[in-house]
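Letters A, B, C and D name the chains as they come in the text, with residue numbers starting at 1 for each one.
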Amino acid sequence: MVRTLGGPDTDRMEALSDGVFAIVLTLLVLQFEVPDVSASELPAAVADQETLLVSYLLSFVVVGLYWIIHHNLFRYIEAHDRILLWLNLLFLLSISFLPYPTELMGVYGTQFAWTLYALNFVLVGVLLTAVWTYAARADFTAGEISDAAARLITIRGLISPAVFVLSIVVATVNLSAAYFVPILIIPAQMVWTRYYQGEIGDSDGE
Amino acid sequence: MVRTLGGPDTDRMEALSDGVFAIVLTLLVLQFEVPDVSASELPAAVADQETLLVSYLLSFVVVGLYWIIHHNLFRYIEAHDRILLWLNLLFLLSISFLPYPTELMGVYGTQFAWTLYALNFVLVGVLLTAVWTYAARADFTAGEISDAAARLITIRGLISPAVFVLSIVVATVNLSAAYFVPILIIPAQMVWTRYYQGEIGDSDGE
Amino acid sequence: MVRTLGGPDTDRMEALSDGVFAIVLTLLVLQFEVPDVSASELPAAVADQETLLVSYLLSFVVVGLYWIIHHNLFRYIEAHDRILLWLNLLFLLSISFLPYPTELMGVYGTQFAWTLYALNFVLVGVLLTAVWTYAARADFTAGEISDAAARLITIRGLISPAVFVLSIVVATVNLSAAYFVPILIIPAQMVWTRYYQGEIGDSDGE
Amino acid sequence: MVRTLGGPDTDRMEALSDGVFAIVLTLLVLQFEVPDVSASELPAAVADQETLLVSYLLSFVVVGLYWIIHHNLFRYIEAHDRILLWLNLLFLLSISFLPYPTELMGVYGTQFAWTLYALNFVLVGVLLTAVWTYAARADFTAGEISDAAARLITIRGLISPAVFVLSIVVATVNLSAAYFVPILIIPAQMVWTRYYQGEIGDSDGE
């Protein structure tokens, strides 16, 4: 009974994480406020919420992407210790903070707001990568994950933060263009998946 | 280890979905604002929230219906891949958006508000049907579900969106009548259940 | 494959219910608004929120009591059909509505507000009893529950609604006294537990 | 069938607790309100929310710490009765109340606000220790936990409340210093862990 720092499961880590994800995904809608106009002006007032809708959809999709990645990583993480619990909590902190910069972005839509918003997503990506890297180094991952695969998964985790850093740079030149930079995550992930399959011989690039 | 795109379970998909459903069901009540009147005027002010109560109850019942359908479909879905995760997330997006058109409807009660509200439910129904159809085609469903049964379940999934499209049409003629159109979901489901049992010989029309 | 109306488990019913309970328990605190006064007046302003605190604590305790009862009943409910799913959803509707009358009560504290508040709890109690009674009659309960035990559990479920009806009556005479009527639930449950043990020979009066 | 007061599992207690923790962790962000200023003043307005950020981070970290402790304690608690359910609910009451004093602290930042805030954390710590102590005395804990270990875990549970009491005292002298007192929890836990390992010969000081 010498080593029980932590334990052989991640059930409650996943339950807490799913709870936080579910709440953040649902809270995002709260930034839509019912306009206070006459009934005839309502369609125009709702159409005016276009910027809000874009930041809402982007946040939902990126949070969804992170849920999928979290879900995928924890299929291979099979044990935990105190440090992993804290790293996961810090990741959840960065996820649960998202509604605030999302609303800032929806209301102001300035370069400053975009920088905060993108920085929040950089933090999200870096912290989830830290969760994975720590778990892999501490041998909490399933035996089937080779060291090479673990390293490649770490690299994948840095794609999304790198793209958001790029979007911050782009925003200093052209703010409207910056909004479209996150779309680069999709082809970058595809390139990574192809490379991963070539290296590891496994089609799981989820 | 060639095929691990996704995995052999749907536990966390169901956990995330239950979380989103629970939050949406509970957030719906937040649209009721405590009236700011004198104590003697409170009963009248509360009685004035009748439209709000109707849209609240309708939303709760339809979201509840979708939870039951989701619950029922996922009893037969036994595996997932990345596409199914995304389809389910899009379905949850449409569910989590509901509090906004519900509140618009409760506050304004115009034809425009009803159109948005009904369109949201059309989206909810179409996306859940897409989840099912994809899962059935990708052979993620339990062996006991025949192709004929899967097709019939797809058709059932389109009943509710079709009824909401109908209600949008009715609203162009008579808005008050449109509110009652969703009630048609009940007999339509019953007809479907009878037909399903005749075709498949299974009483499960849940 | 003739009878699969519903299924042999209640996992997701319990998950959805726990989600709604957790959210309602947590949302109750949102009615406390940070006072907008000078720093020196803050202690007095917070002390003024006493009525709010009482309705908050009462709601938390009664919702907690219903979670315990729900938890206890579903230890014995082992299967479900569509009707049980709907009855449970209606019960959750009544639970998720509670924050509104709680806030009405905290803000106004009139006899009208108390009547709405108490009626909401009557509904909660009656609907949970309906869940149990239906499950027991449909033979979804564990074999160890005799018909006599099931009937006694139904009676217990009506204690709390009866006490809240009584509190509505008391409020017509003396509002302050009505606040204390729910305390009667405690001795009434104790009497029931003693009687149940005598009849059934089981100490589980949870 | 004489003793079934409660039951042989804690699944739903953990599910409800994880739900409440997830919601509280996520609700904390709602206190950040989007400033209502011109776009050029936004950076300064956001920078002004520094006090809010500090109380937000402190609350998130302490709630996270309590989730970890709760998670750890319930790995050893294997059964429950009605009293344990109520003690856990009271603990959740104290957790779910936290967003209010956190916001009070973020907005006012006075000694009075700090006292309320710290008192809430004292309550959280004392109630979780009560959960553990009751479970240990009622023999709901796993056999591997000796009486000596259970007592030491009780003592650990009182570290955090004691530190918050100390911070209330410090706040009467110097408010700014009081904010840093909770940091003492970290070395105190380390000292405890070392002592525990010496006494029990187990490295689990999580």
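By our rule, a residue touches a chain if its C-beta (ideal position, glycine included) is under 8 Å from a C-beta of that chain, and two chains touch if they have at least 3 such contacts.
Remember, it's a predicted structure, so these values are computed and weren't measured experimentally.
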(request) Go ahead and align subunit A to its copy subunit B using Cα positions, then give the rotation in degrees, nearest 5. (result) 90
(request) Have a look at where subunit B meets subunit C and say same if over half of the interface residue numbers show up on both copies, different if under half do. (result) different
(request) Let me have the rounded angstrom distance from the C-alpha centre of subunit C over to the C-alpha centre of subunit D, please. (result) 27
(request) Go ahead and note the Å separation of the Cα centroids belonging to subunit B and subunit D. (result) 38
(message) Quick check on subunit B: which residues sit in contact with 2+ other chains?
(response) 15, 18-19, 22-23
(request) Give every residue of subunit B touching subunit C within the complex, in rising order. (result) 14-15, 18-19, 21-23, 25-26, 28-30, 32, 34, 39, 42-43, 46, 57, 60, 64, 67-68, 71, 75, 144, 201-206
(request) Can you check the complex and tell me which residues of subunit A touch subunit D? (result) 1-7, 12, 15-16, 18-20, 22-24, 27, 81-82, 85-86, 89, 92-93, 96-97, 99-100, 103-104, 107-108, 110, 112-113, 116
